[in-house]
Structure formats: C-alpha cells, structure tokens
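By letter and in written order, the chains are A, B, C and D; residue numbering begins at 1 in each of them.
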C-alpha cells in the first residue's frame, strides 16, 4: 500500500485552498480517495496550514477507521466519507468557509445561474441542503451533514453539479481528484460573489435561459467539449 | 514573417491581465493583430498563466485558420476575429470575467458615467449587447458573440468607447495594441465597481453632464489632449 | 521580574494583527498580563508597526502606573486594564478598527449568529455596549470605555463570548493570551463581514437555532471538545 | 536653491500612495511646497509609478510657471496651486481616485461622521464641493476645481478638516507635509468605506454626538493631545 503520492497531492491541495484566499485560520480541509484500496487521505485536525507536510496527512478507511497517521483526521471526516460512499465517481472533496458561498448558505438561498461564468462550471442553480433537525445535530452531526447533501442530490448529478451549500454552514465541493475539488471551491466562491452583487445591482435579475446554460456547460464538459479560454 | 515580438507582447499582456487581478484561473485572453500580414496572435486554449511563454502563442489568419503554434487558440478566437474585421483601427483585444464588469453584464445593465474617472476613458455609458437567440447560440456561439457587439456599435465609435458588456457573459475591451486593451479592461473594472457602489449609496445618482464628459474625454484624447495625472 | 518573553509575545501579537489585515496605520493594540506579578505588557503609543520591537513594549501595573519602557503606553491602556480587572480568566486583550466589526459598532447593531462559522467561536450574538454619556466622555474616556464593556457583560461569560463592539467606536477581543485575543479579532472580523452580507442578500435572515449554536460551540470548547477542521 | 530633499519626499509620498492601494494606473498625484522659496514640487504628468525617481519631480512657482524638470507637471497642478495659495498653513497636497471616497464624490454626498475612526482624524462631516458650471469647465477646469474647494471651505478650517470631495470627481487631501497629505488620503478612504457600509447595514444611522467628535479630535490634535493607539 503506497499512498505517498496521494498524501502529497492532498497536502498540496489543502495549501492551494489557502493560497486561493478561501481559508481563514484552519477553516477548510481537502481529502482524496484511493478507490482501489478503499482508503481516504485527509487533512489532520487543527494543524496550521503553514506547517502542513505530506506525512501529516491522515489515512482512514471507508468506515472512518484510522489506518495511518499520528494526528487525528479533520472532524469533518464523516461528511467526506458519506460523499465518497454516495458519489462513486468522485475522487476528491473540499470544504471551506469561503466568504460568499458561506453567505448564501447562511441566507438559506440557492445560487441562481446569472451568467456564463456560472454556466461554464455548474450545470444549474447551486443546491442548498435542508436544515438539520435537533436529533440529527445531537446524534451524529458530521455524518448527518453528509446525509442531507446526499438527500439533496437525489435528482442531481454530482458530476455536472460539483458542489453544494450546507444550510447555515458552508460549501462542500468535489471533483475527479483533490485538485479539481479545490478548483471547484474557487469557482463556487467567485460565482457566489458575482450572484450576490448581481442581485444587489438589479433585484429583478433572472437566471440565464436554459439553452445558454446547456451550451456553456457542454462546450466545456462531455464528449463534445471544445472550450478553453 | 516575423511575429516574435508580437508574440512576446501578447504573452506579456496576458500575464498583466492576471497581475491586475482581473482573471480567475484561465478566465481571460488577449490577442493582437499584425494588420500588414493580416495575422492575429492569441493566447492558447486552457493553458495556466504561470506557464505561459511567448512561443505558446497561437497565430491565426483573419478567417481563423491556424498558421502557427502547437496548441489550439483560445475558444474565444472567433469573437476576437469579428472585432478585428469590423473595427479596422484597433490593434489589440482583451476578454476577462472581471468581477464588477461581469456583474453589470449579468444584471443586463449598461454602466452610466457617474464621474470623471469614467469620463476620462470611456466617452459615455458602457454599452451592453442584446442577448443571443437560441439559434445563434447553437450555430456559432463565439462568432455570434462578436456579431452582437458589432451590432451594438452601429452608432458608436470603437475608439472613444473601447469596451463592451456582452449580455449574461462578461466584458471585451480593445485598444491600439494588446497593452492598451488590457489597460482598458482594468479601467472598465474600476469604473464598474465605482458605478455599482455609487448607486448602492445613492439610488438617485445621475450621469454627469455632457460638458463634463466631453471636457474630460477630450483633455485626455484627441488633438487637444493635455492631460496626465 | 523577567517579562522578556511576554514582551516578545505581545510584540508578535501586535504584528500579527497587521498581517491579518485588521489594522490601518496604527489603529490597533494588543496587551497581555502576567497575573502572578500583576503586570500588563502593552504596545507603546503611536509607534509604526514595521519598527515595533519587543523592547519597545511598555509595562504597567494594574492601576496603570508605568513600570518599564521609555515610550508611553497606548492611550487605550485604561480600557485594557479595566478588562483585566473584571475578567479574571483572560490573559490577553486586542483592539482594532477592523472594517466590518467597526461598521457594526457604528451602525449600533449587535452581530446575530447567522451560521456555524460564528457558532464555532462566539456563543451567541456579539454584544454591543451602550453609548457613553457626555460626562463619561469628558471625565475619563478610555476608562469609561472599559466600564461600559463590563456593564454589558453582567450576564455574559467573557470566555464563551470573547469580544464586544463598543458603540460608535470599534471592537475589543480577548483570550487566554495575546495570541488568542488576536485570533478572536480576526474571527470577529470575518463573522461580521459574513453577517453584513447575509442580511444584504436576505433581509429576513434569522439567527441559527439554539441547538446548532450549542453543538458547534461545545464541540470546539469545553470538556467534550473534539473539533478541528 | 536646494530642493533635492523635497523632491525625494514628494517622490516617496507618491509611491506610498500606490503602496496604500489608493491608486489605479496613474490616477493620483502628490505635491509639497517650500514656503520660503515659494516653490512647489509635484509629480510629473503621466509617468508610471514604478519608474518614478526624485529627479523626475517637477518644480513650479506659485503661478504655475515651470522652474525645474524635463517633464510636464501633473495636469492637476493648477488645483494644487490654488490650495497652497488659499490654505497658508498646509505643506503638502494629495489627490487620488480611491474607490470609496470617489464613490461619495460621484453620489454627490458628504461623508457623515458615524464613528470614532472618523472623529479621530476629521473634525466633522467630510465636505463636498458644488458642481462646476459649464463655463468653469470650459475656461480653466483644473483652476476652477481648486476654486470650488476654497469656496466650500469659507467656514471650514483646513487644518481640522484636511480633505474634501470634489463633486463628480474624487478627493483631495492635505497636511503639514506630503507624507501627512498621503496619510490623510488613506484615512479618508477607510472612513468612506466604513460610512458606506454603515448606511448599507443600517439606513437610519446617525452621526456621532458632537461631544464624541470633539473629544476624539482634541485628544489627537491641538495643545491637549495625548492620544496614540
């Protein structure tokens, strides 16, 4: 079992999250999965980003049992695991409290697709989970957070909608690997800030027509993709 | 045919766009034209900015046929070409998804001239194109984007109004060369942010009087220019 | 009496305040207390941050009498002292005019807990002091500033609520030491900015349920803490 | 006549304006006066800040006649001169198009004193000039800009109110020397941003009581000053 390159990838992805300006203090974490081995590599709990080294990364199995690492895994690990179990095509997960995505989560609003920047990367309105019940919060908070995401995605495709807003909390994003999950965190944050200011400027703003959404998404993704700025 | 210096200029202009904070990930591109040869040098598609080198630049002719370069040209190339064909005096074109210019494009609003910062550089309200039809989007999206810009400029002078907002999309700017096109992207972004906050502060804000607009524009541009801060 | 390590800690904490982007010019100060000796180490008055050295720190006793240091202590020293006298468990105090916390203080509004970012660090709505009377302002302004904070905390626990907004002025935060006080200044600023934009986006936004507040706070603080992102 | 140290001071002050983030491209300028010689040192016109050297500074007399320097003086020189002629106690003048001060100028609103950050530095509401008439704009625009500032200050003290908003244009600030003029530009910008967001958060916000204004201003300025954070 050689997870060294995955540890390095996850460590770098966590640092990139900070360099993108998406993280205050330790408010963020990235993980990646080795589907063959059924093992997840994730950031350790509460470590400062400027001291983060690949060998600090923690390895857990699909049930959350710690397999490697001297430090404890991020307390958000149960949420990451739930996403890997439910979305079999994803390889990386990122979580931040980035300013504008978090603001939408706090305002309990989904992010409408107001333009092509959004349409290029997320195929439709960014979904918001329901609020957790008191029972869910008390019993297994982080696991329940994963479950309300899955619940919200019953009719959504996690590949064309690689992110979600957890109500009153903050965003999670994912992708084929840790690096793509982080990139989607950055895009979600920009799209959220643009949407926020769009409705401040013009409260009557409407989402783009569905043919625009489809054109933009398919020119970047899928078999007929040709796009690259 | 020696396009090396133009490639270097276009490469530098693309990098400047990033240094000005106008670009997230790869969301932007700059081109320049050699009018004598009828050749356009443009950023390649989807390459990271921190790896961009002059020799990566792509050369296409006025019809978009690739003449030089191993990489594909930016997928926005047809829009750039349409601008070069219609605006015979321009030498460079820049495209970004910069925050506030894009917000105006998404809110489907033109940017009124609320002050002298705007008046110094753009002679009047920043124009907005009409929305594309479904047919235009399906058939030749990037070309149609260029065409609605030209359509919007039927009664406008592209030299005194060196930029436009493409509805639901983002801005394009231009200038006598790539460097000036990039500078105009930066100015448009600042002017857009100022206009946004001006109407937030005072929703009754009115554009400046036409004599202010004329004074500011002509002291910086044209035969009687004397301005320099 | 060896206060050298405390001076270094306080100097570093003051510099961190600047690096976090919470300070314009000299608008901020941090202190720490040696409870055994009854001595407070605080930033000197009006010194530029980029010239700040540990040996510049000023030492005063609990009544404000200067014990060490060639420079005068920060003019906010009486406020710091009042906090140390009233809140016996705290070891450090920080004061800034950071943008969004100051805006809430100016708007005379407390900061509701709109999400888990807030709930992770402050156990409830961030309190606002009452306005000072003319007499208080004239007689002993900085001392009175401390006193209205204490007055506001009559039914609050300074450990679970490590910060306050002084009406028309700006925030003070504290913690077990200078470093934690500074960290709380940063968190308060982020929480304030998020709250500001949350109500801009959705003016009907409501604070989170009390069970969310309790869960988030207790998983990070107290005997059952397990949290770490 | 040795103006070398003043040239260095003015050059550094211009560069500081940029480092404070108050200037886009070349949108700003700083000058200082040698009252004994009756000579003003000012930034040259349209030169990039990163190439600015002390020997590039231009020297003009009180009537604007160029005395030294190969480059032309800033086109805003007539405004600076008018300020030096009318405000005999000032030694430096700064002009920027900084974001929030400019937004207030564009919205044609004065900046109310909503808190102590403002009160510490500007003794009252930041004044706004009247709009220029068409005749004034046509005949001697930059001189008229100076004149409407003086007109607005008929009942104001330029020392306790070291800045102004020129309607539809942008701010000018001043001080005992170039460095203080630049510092006041920075403070004005922060105060403007705070005021902007204060009214966004609470449209009913009221200016601070006059005793707060007086206390804060006099503890920092004048014979009884004791303040220093």
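By definition in this document, contacts are C-beta pairs under 8 Å (C-beta built on N, C-alpha and C of every residue); 3 or more make two chains touch, one makes a residue touch a chain.
Quantities reported herein were computed from a predicted structural model and do not represent experimental measurements.
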item: Maximum centroid distance from subunit A, chain identifier (CA atoms); value: D
item: C-alpha-based rotation, subunit A on subunit D, 0 to 180 degrees, nearest 5; value: 180
item: Between subunit C and subunit B, distance of the C-alpha-averaged centres to the nearest whole Å; value: 46
item: Distance from subunit D to subunit C - Cα centre to Cα centre, in angstrom; value: 33
item: Sequence positions of subunit A contacting 2 or more other chains; value: 200
item: Interchain pairs in contact, sorted by label; value: A-B, A-C, B-D, C-D
item: Of subunit A, residues touching subunit C in the complex; value: 24-29, 43-47, 72, 74-76, 95, 97, 99-100, 102-109, 131-132, 134, 137-138, 141, 168-170, 196, 199-200
item: List of subunit B residues in touch with subunit D within their complex; value: 114-117, 183, 186-187, 190, 193-195, 197-198, 200-202, 205, 208-209, 211-212, 215, 219, 226-229
